[in-house]
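Right after this note come the structures.
Two complexes come next, and they have one chain in common, chain A, joined by chain B in the first and chain C in the second.
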Partner chain A sequence: MGNTVAVLMRKAPYGSVYTAEGFRSIMGIGVFEMDINVLFVDDGVYALTKGQNPAGLDMKPLGEAFPMLPDFGVTKFYVHDQSLSERGLTPDDLVMDVEIVDDAGAARVLESSGIVLPF
Partner chain B sequence: MKIGILVLEGPYQHQAADTAYHFVQAALARGHEISGIFLYTDGVNNANGYIKPPGERNIAERFSELAAQGIDVVACTACARFRGFRRDMVAENVRLAGLGALADYLRGADSFVTFGD
Partner chain C sequence: MLYTVNKSPLMFGNLKSVLRLAPGGEPILLYEDGVYADAQGTASENLIQQALNQHPVYALQADLQARGLASVVDGIQVIDYEGFVELVEQHHVVPWL
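Right after this comes the complex of A and B.
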């Protein structure tokens, strides 16, 4: 089934550990040279927005973490367009260049990945 | 079929760990092989050997028994540290390891199933 893993980011970045741990899992399995697609849907798109400041929560901004991933060989980032627009966001609000995908595009990312890890 | 398992929620608070256990039992009964069970984030709490629920199913014992059957059951080392685990607290037959174990399960599985929220 190949080595391609889709890491699916579904949740807001600070309400639970899911998005932060999704990020750590990408770092963790990426170093084992797995081919990784990262797909942001629903509240998961907030993880990539500019200007995050969770200092009041004693947490570190995840928006600064994701743009480091290409240095670790993780380069395929997809963001669901409707999830952005429903939240009043556009690609300009994001911290990095991503491929914007519609429903069918998101489905293709998942279908082309042998394994999906939902966070 | 070789199936890998990821558990992202802890015991008793959430259905995920119970469903993972029943899924593994059903898969084994049908002749499938489990490439490994990775207990991640709060999922590591399912491997707390001090769990003693009066009159209720013992979720830690369940994972311990699966491991005793020869299934690799791993709790994430870093997650365990974040949750105050000491080595002597880890349920019998379960081992602590890093995300490399998860990567191995991902690679070794024909199918991979996540149980979480």
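Right after this comes the complex of A and C.
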């Protein structure tokens, strides 16, 4: 609890600015050496899938950016298992190693954080 | 009429409600997050099958590519921006936002 921040990612990349803005917030929180949990639920899991190439949309690729976050001190990434399976995805489809959590595990990540920033 | 859907079928009911209301044979175009309906093996695959049974279904290439959706459900017609413009020229557009 205390000063831990949870960033809750629930939206798909490219269709809105939420994923990009969430990424910027995560990096900023990491740079300030705050304790941070990043939780991907619902369409948020699409932010981490392999093979993204938004060149045709004239946008920057987001998927490959997340694996760089450990360099900024952000190391705790959680992905909701059912959100993956509903989308026909497995952890092998993701760009980085994450901790897979069930409903209760996701709730614990949120409960253990003093602040939840939703994106 | 060209019905356009830009929301993910797993987060929003847009595609579902289009399928309730769009008369059979009218084309449906999926773009932006709407293209996630094309992905294979999702919990919403029955929706896209229902769409394909009743409508021509198009998906925008650039949006599929951006999201890393390499394999789409059989029967979806993948189009580029030129194809998008042609569809819009040929039909009145019903944006199902």
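Convention: the second predicted complex is superposed on the first by the 118 of 119 C-alpha atoms of A that agree within 3 Å, B and C clash if a C-alpha of one lies under 4 Å from a C-alpha of the other, contacts with A are read in each partner's own complex, and residues count from 1 in each chain.
Assume a contact is a pair of C-beta atoms (placed from the backbone, for glycine too) under 8 Å apart; a residue touches a chain by one contact, two chains touch by 3 or more.
Nothing here was measured: the structure is a model prediction, and the numbers come from that model.
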Three-chain arrangement built on chain A, chain B and chain C clash or fit: fit
Partner chain in contact with A:V5 - chain B first, chain C second, else both or neither: first
Partner chain in contact with A:I115 - chain B first, chain C second, else both or neither: first
Inter-centroid angle chain B-chain A-chain C after superposition on A [Cα, multiple of 10°]: 90
Partner chain(s) touched by A:D43 [first = chain B, second = chain C, both, neither]: second
Partner chain in contact with A:G63 - chain B first, chain C second, else both or neither: second
Greater residue coverage of chain A in the superposed arrangement, chain B or chain C: C
First, second, both or neither for A:S25, with chain B first and chain C second: first
Partner chain in contact with A:Y14 - chain B first, chain C second, else both or neither: second
First (chain B), second (chain C), both or neither touched by A:G88: second
Superposed arrangement (fit on chain A Cα atoms) - minimum chain B/chain C Cα distance in Å: 13
Intersection of chain A interface sets (partners chain B, chain C): 16
Chain A-touching residues of chain B, taken from the complex the two chains share: 4, 6, 8, 40-42, 98-100, 102-103, 106-107, 109-112, 114, 116-117
Of chain C, residues touching chain A in the complex: 6-8, 10-11, 32-33, 36, 39-43, 45, 61-63, 65-68, 70
Chain C partner contacts - residues on chain A that touch it in the complex: 10-16, 42-43, 46, 49-57, 59, 63, 86-88
Interface residues, chain A side, partner chain B - complex: 1, 3, 5, 16-18, 21, 24-25, 27-29, 32, 34, 115-119
